[in-house]
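Chain nomenclature is as follows: A, B, C, D, E and F, assigned in order of appearance, with residue numbering initiated at 1 for each chain independently.
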Amino acid sequence: MPTLSELTTALDALWPAGRAESWDAVGTVCGDPDAEVGTVLVAVDPVQAVADEAVRLGADLLLTHHPLYLRGTTTVGAHTFKGRVVHTLIKADTALHVAHTNADRADPGVSDALAGALDLRVLAPLVPDPDDPQGRRGLGRICELDTPLSLAAFAQHAAAHLPATAQGVRAAGDPDAMIRRVAVCGGSGDSLFEQVRAADVDAYLTADLRHHPASEAQERSPLALVDAAHWATEWPWCEQAAAQLDALSERHGWGLRTHVSRLVTDPWTAHAASGLHHDYEYPGAPN
Amino acid sequence: MPTLSELTTALDALWPAGRAESWDAVGTVCGDPDAEVGTVLVAVDPVQAVADEAVRLGADLLLTHHPLYLRGTTTVGAHTFKGRVVHTLIKADTALHVAHTNADRADPGVSDALAGALDLRVLAPLVPDPDDPQGRRGLGRICELDTPLSLAAFAQHAAAHLPATAQGVRAAGDPDAMIRRVAVCGGSGDSLFEQVRAADVDAYLTADLRHHPASEAQERSPLALVDAAHWATEWPWCEQAAAQLDALSERHGWGLRTHVSRLVTDPWTAHAASGLHHDYEYPGAPN
Amino acid sequence: MPTLSELTTALDALWPAGRAESWDAVGTVCGDPDAEVGTVLVAVDPVQAVADEAVRLGADLLLTHHPLYLRGTTTVGAHTFKGRVVHTLIKADTALHVAHTNADRADPGVSDALAGALDLRVLAPLVPDPDDPQGRRGLGRICELDTPLSLAAFAQHAAAHLPATAQGVRAAGDPDAMIRRVAVCGGSGDSLFEQVRAADVDAYLTADLRHHPASEAQERSPLALVDAAHWATEWPWCEQAAAQLDALSERHGWGLRTHVSRLVTDPWTAHAASGLHHDYEYPGAPN
Amino acid sequence: MPTLSELTTALDALWPAGRAESWDAVGTVCGDPDAEVGTVLVAVDPVQAVADEAVRLGADLLLTHHPLYLRGTTTVGAHTFKGRVVHTLIKADTALHVAHTNADRADPGVSDALAGALDLRVLAPLVPDPDDPQGRRGLGRICELDTPLSLAAFAQHAAAHLPATAQGVRAAGDPDAMIRRVAVCGGSGDSLFEQVRAADVDAYLTADLRHHPASEAQERSPLALVDAAHWATEWPWCEQAAAQLDALSERHGWGLRTHVSRLVTDPWTAHAASGLHHDYEYPGAPN
Amino acid sequence: MPTLSELTTALDALWPAGRAESWDAVGTVCGDPDAEVGTVLVAVDPVQAVADEAVRLGADLLLTHHPLYLRGTTTVGAHTFKGRVVHTLIKADTALHVAHTNADRADPGVSDALAGALDLRVLAPLVPDPDDPQGRRGLGRICELDTPLSLAAFAQHAAAHLPATAQGVRAAGDPDAMIRRVAVCGGSGDSLFEQVRAADVDAYLTADLRHHPASEAQERSPLALVDAAHWATEWPWCEQAAAQLDALSERHGWGLRTHVSRLVTDPWTAHAASGLHHDYEYPGAPN
Amino acid sequence: MPTLSELTTALDALWPAGRAESWDAVGTVCGDPDAEVGTVLVAVDPVQAVADEAVRLGADLLLTHHPLYLRGTTTVGAHTFKGRVVHTLIKADTALHVAHTNADRADPGVSDALAGALDLRVLAPLVPDPDDPQGRRGLGRICELDTPLSLAAFAQHAAAHLPATAQGVRAAGDPDAMIRRVAVCGGSGDSLFEQVRAADVDAYLTADLRHHPASEAQERSPLALVDAAHWATEWPWCEQAAAQLDALSERHGWGLRTHVSRLVTDPWTAHAASGLHHDYEYPGAPN
């Protein structure tokens, strides 16, 4: 069995901390570098239910995509919900390690896993890492569907292939528009619209789009948008990361047991459709 | 018929520009102060389809909630989509006037209209304006349901009573939790969580909630969240504002013809539900 | 006849927007990219009288040196004097396009036109553009007079050769100092004193010099200053730009009619000389 | 004879340092607090010629309106022109003391002296000091002419009554407009246009106006501008300050000898009028 | 036995968090609010040796003056020395709570304990808290010696009465100067020189004075300085705080066992005196 | 004899101003560039006693390591203690010139002189200047002792070899630890801990270390610290600089008389050792 320190050295080779955004907080959040690691749980969110699951499993390491503390804290007291997670983990000898924007940018990265879940063929990164001579690393991915689908059908496809959530999937644009070329970005992708425009795609699939960016993107020129649960767009990375851990374990003869959490940590638990109102009309709708 | 200048003076009495946020951009965006105004169209978003509707109607004034230029521009050239709106309006002699956060804060304001659409009884502002001795102005509203509903039922109620949108309504929290006391905020309300906590409500209804604020709100302590289309939470204000314009017209003998746009300017045009996956599980779900 | 879009593409080749200062606002301010352009008016300032002249002329494009909106605006309402210019132009289908610091830096640029008006031989840019291998682009110009003149005579020469203004021309320094080498900068050149010092010139001709920069320049070491009307130092560029437009029209067979505005938009309309006071004395004056 | 320290204590009562702008640098620049002061020279600018005059006069104190170092310095070495002034003064035992924006704001202040030189009746400060119950302190002054004059005549009047300078006086606006109510501000007054508008005056007399502020002021609405030499608008304060020193000396029995410098420290030494060009035309000029 | 939460509520009444500096980080750093507290250790520094001592003692709470994390952290991993402290404490169920600048400002506060250790009579705070009607709270204390001592003797007195450290005590100023009135500030007091000047004292005793502040204070005017180990000036507060905890325990019948750490956490472990050099001389020394 | 200007040109070749930190203020502070320089005094601090010594000596130039004005000043009035130094020097025709961080970084530099005084063999700069192909310039020095010493003995060695001060020398860490490899930095070196860690040394000798940096350095991992008087660590540079001046004088045939000030400008004039307390204990001390 490796020590935590040996294992995180290997993780840092997969997802070097230096490739994270400057505002990000990746790496080990708690845990003893000399402790041995036999069992690992991989998840998107370091929330209490996931920490409890790690403890139930007897995991020595919880590897998550999201940081527990993106901004610095001066307390980990258990009177705070994040401090309670820290106490739960330290008392159970479970370390917490984060691979966030360094995993987004990696090859393979979060958006490769997302494209894979959606059966999309990856062509190139959406925002290539200038330091990668191979041209495979970077944020987001530009992809192609083998068979074009209407926007409505592509949204159905996404809903069917991503992990199920109560909120489902939303689409913006003409539901009949044909989609072949798609940009994808796991998580909140609203800062990449400029690059999406430059990529000349038919649609952009990401999460957490708000009214104004989505509305302005529609007004500027035709570009279909598909918005899924943030958690659902990043969960495929957990399986990809688990496979990478298995391969490391194999190579080093570590005998790691790696699990992927199937807890839905998307906060939205219910969805209600609007009824039909004949009073309202979408612009451009046939009359 | 009043001149534009006379009419905007009256609008400024309803929604004084000085009560807008410092970063906001309210007031007249285009139009000649000396032109006469006979017909007014009220809408949420100053997008091209709405500008075209105003021109088709022969409206002399388009009154919207959202600014066309929230941040300053150095061009209104028609090679930009916002500049095209400006050209459309100026060439048709249609003025554009905005009441945004000054209307949010007013009495009655945007969240009063939202509460009214939802059949909620308003108790107090969520963030009271310290300069209002009556204690009625401010951002958001704290409300009560006459009959408590489960969260699932309350989300259905919201979906049925707000203008219909393709995206419908999402809820976070235990679907069976009983909701009686509700905070509402038309538009993007994610900056008000601290005040919502202090208001000791069962649920918070607003729009544009993203993963991290919603997830952290759930982790902190039980608080149900209901998230509707941004446009749908603000549209009820258009009818309220139209009624206020009618009353002004009556009082001054202006003979204004006031219309409310029924174009759905929510950008989301389709929704796809996830299928059932037995692989994923919500935390705390019964097994 | 070219469309506005075709014409501005050609203008952008003369004066690329990317060569403007980062704080500047150049390019198209209003107008439809698909409209045809037959008549152009070139002027320094986009003020109301110039907009009215453009409309009277039936100009499809008004090309000015100064931006209408150097800082961003959130309104073009006609209750503002700049918004009135926008309404005047849009209603008459007259576009407005600006070439400002990109024209200052060009080859030929604003200061070449100024040097030409003054019969000065241009030697080099005052602040060379490091990206120009030819060494001809940049801010300001270092020039030579064929025949040296006293400062007093050079100021008279400038007053006689620049467009006439009520304010005339001021000079600082010893009126009898001989001037052969001159730096010139059209418009407000008070930020270039360091480069003027390094250029080892006898005099610096620019506009808008205030007391403290002029006084400190005098105290530091002998350097004659000549200060003309801002408008007068930039007007020669209008004729230069018109000739460039004529050449473009010729080359493309566009048949453009190009006019140069002769309205004096220098705001100063009168000058009063001081009488003789025997009470005051210039330092260093003979007794 | 008072010590420098006793005298500056008295000056600080006339012009308290706490009433200067936060960015200003007033008070004693050099000199020994214990040295005796018998002779004082008052001037606008602490330039070398004025320092030399102070030494020639045997002045123990040079009192100026402008700071020597408005921004901090880390050297007073005589290789810099300001450091040479410091060496000249310290070696001659001449102190330097500055009253700048604290004198602008005083009662009487710099603009009172300017109004007095122009035979204007002062009505109120342009920007009243909220801490002055008498309502007499503040920046600028609102004044009245006993007999209205045309703008052209008022500019002539200013040129005749202010200290003579080579540059003379400029005016903007209709030369025939009648002027009765005038705002004045000694020195560079371009930051006070908003208050000038609110004061409902016919003209604004100040110094150092540049093209853009003057042009925009003209475009906004009719307001005549009169621009004189910065030095000339502040020189009348020297005589006012000298009279205040004489009164202090009388009151304390100090026997001070106070002189006012008559060196013209306006840097402009020559003016050249434009010839007549029939090619250019002022907007609105008769044809 | 109280819970941690009950105990920290009582501590917050002694040292309200709202009275800490805005940049400070006080309150609970780790620990479960529902855990019971029977044994408390009070110390200056939350370093590893002190955490180990707390664990050896079976302390449920470690109360320190210095924060563990003054600036926020995104990791408490045991690969960092501070994270190791967190792991040590959480695994042993020992909470950590900090009272820093809120204890400095309290009545009694850190500087009262320091004055007490030095047998000084406290007259008033050095920087009074404007919100304390009694005038007893604030930073630092102004004190009096009952019998004046020379500076050399006062430094000896301080060395003898403060907890012993290897570095001892330094003094600046004339060793024979008589000291009666003394300002004291526990910890690093170099930001309070202005208030010390205003307090008209003979000496200022604090810690961590560096060359430039000490040198400039000496140059400005005679003021003796006494500089002791930072830890030694704050340790007396531990005994004072322990007594306050005992009183709370008594009042509530809590049966707390409170200990004060006697580990010297001053980092300096040795001192070497300079030999005599006849080559160097202190200014003003007798010859 | 050289002029001040000729001499400072030579000094600028030794210690180019462009190699000083951007926040530093080096070069000539007062003095006439054309004055002749025959006698020079070199010192660490430009305090009044040193200025007086320069005047007594008849020095034409005082060369110091510390700036008089590190931050800019708007007054050199003699009512301030720094202004009094300026008056003293200007009236005596004594120039002041500063070589601060440009001398720290030079080859040889301040830390070379310090290493020399301590009989340490210099291996390399602690923070190498990337622009020095020789690899000899930079901040601090990494050194070796020929014969390893215990920390206690090395502190004694430092106390014996540096100029004598009342405060002596402090050491942190295990007094018995063996020291062979040492980093040194004249003056306040607390910003270089990261580079000291990277240099893999046994001890770091510098000045002005405060409680928190020293304590944190100890907690992080074993690293002995030695803290001497700031003045004492920089004084050896004065002798080094004097030798450099002598060499320049020789080379140019200038006949300069160069003196080094032996005034101790360390502000600390007395030290008192703590008595023995059996109540306190250093962590890790034998029992």
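The rule is simple: contacts are C-beta pairs under 8 Å (C-beta built on N, C-alpha and C of every residue); 3 or more make two chains touch, one makes a residue touch a chain.
Because the structure is a prediction, the values reported are computed rather than measured.
Path length between chain B and chain F in the chain contact graph, taken as the least number of steps between touching chains: 3.
Averaging C-alpha coordinates per chain and comparing to chain C, the farthest chain turns out to be E. One inter-chain figure worth recording: chain D and chain F are separated by 48 Å, centre to centre, where each centre is the mean of the chain's CA atoms. Inter-chain centre distance (chain B to chain E, centres taken as mean C-alpha positions): 54 Å. Chain A and chain D have centres, each the mean of its CA atoms, that are 66 Å apart. Counting partners per residue, chain B has no residue that reaches two or more other chains. Taken as a graph of touching chains, this assembly is arranged as a ring, one closed cycle with exactly two partners per chain. The touching chains form a single ring; listed from chain A in the chain E direction they are A, E, F, D, C, B. The residues of chain B lying in touch with chain C in their complex are 5, 25, 27-33, 67, 69-79, 83, 86-87, 90-91, 95.
By the touch rule above, chain B contacts chain A in their complex via residues 45, 47-49, 66, 81-82, 151-152, 155-156, 158-160, 162-175, 187-188, 207-208, 210-212, 214-221, 225, 227, 229-231, 262-277, 279-284.
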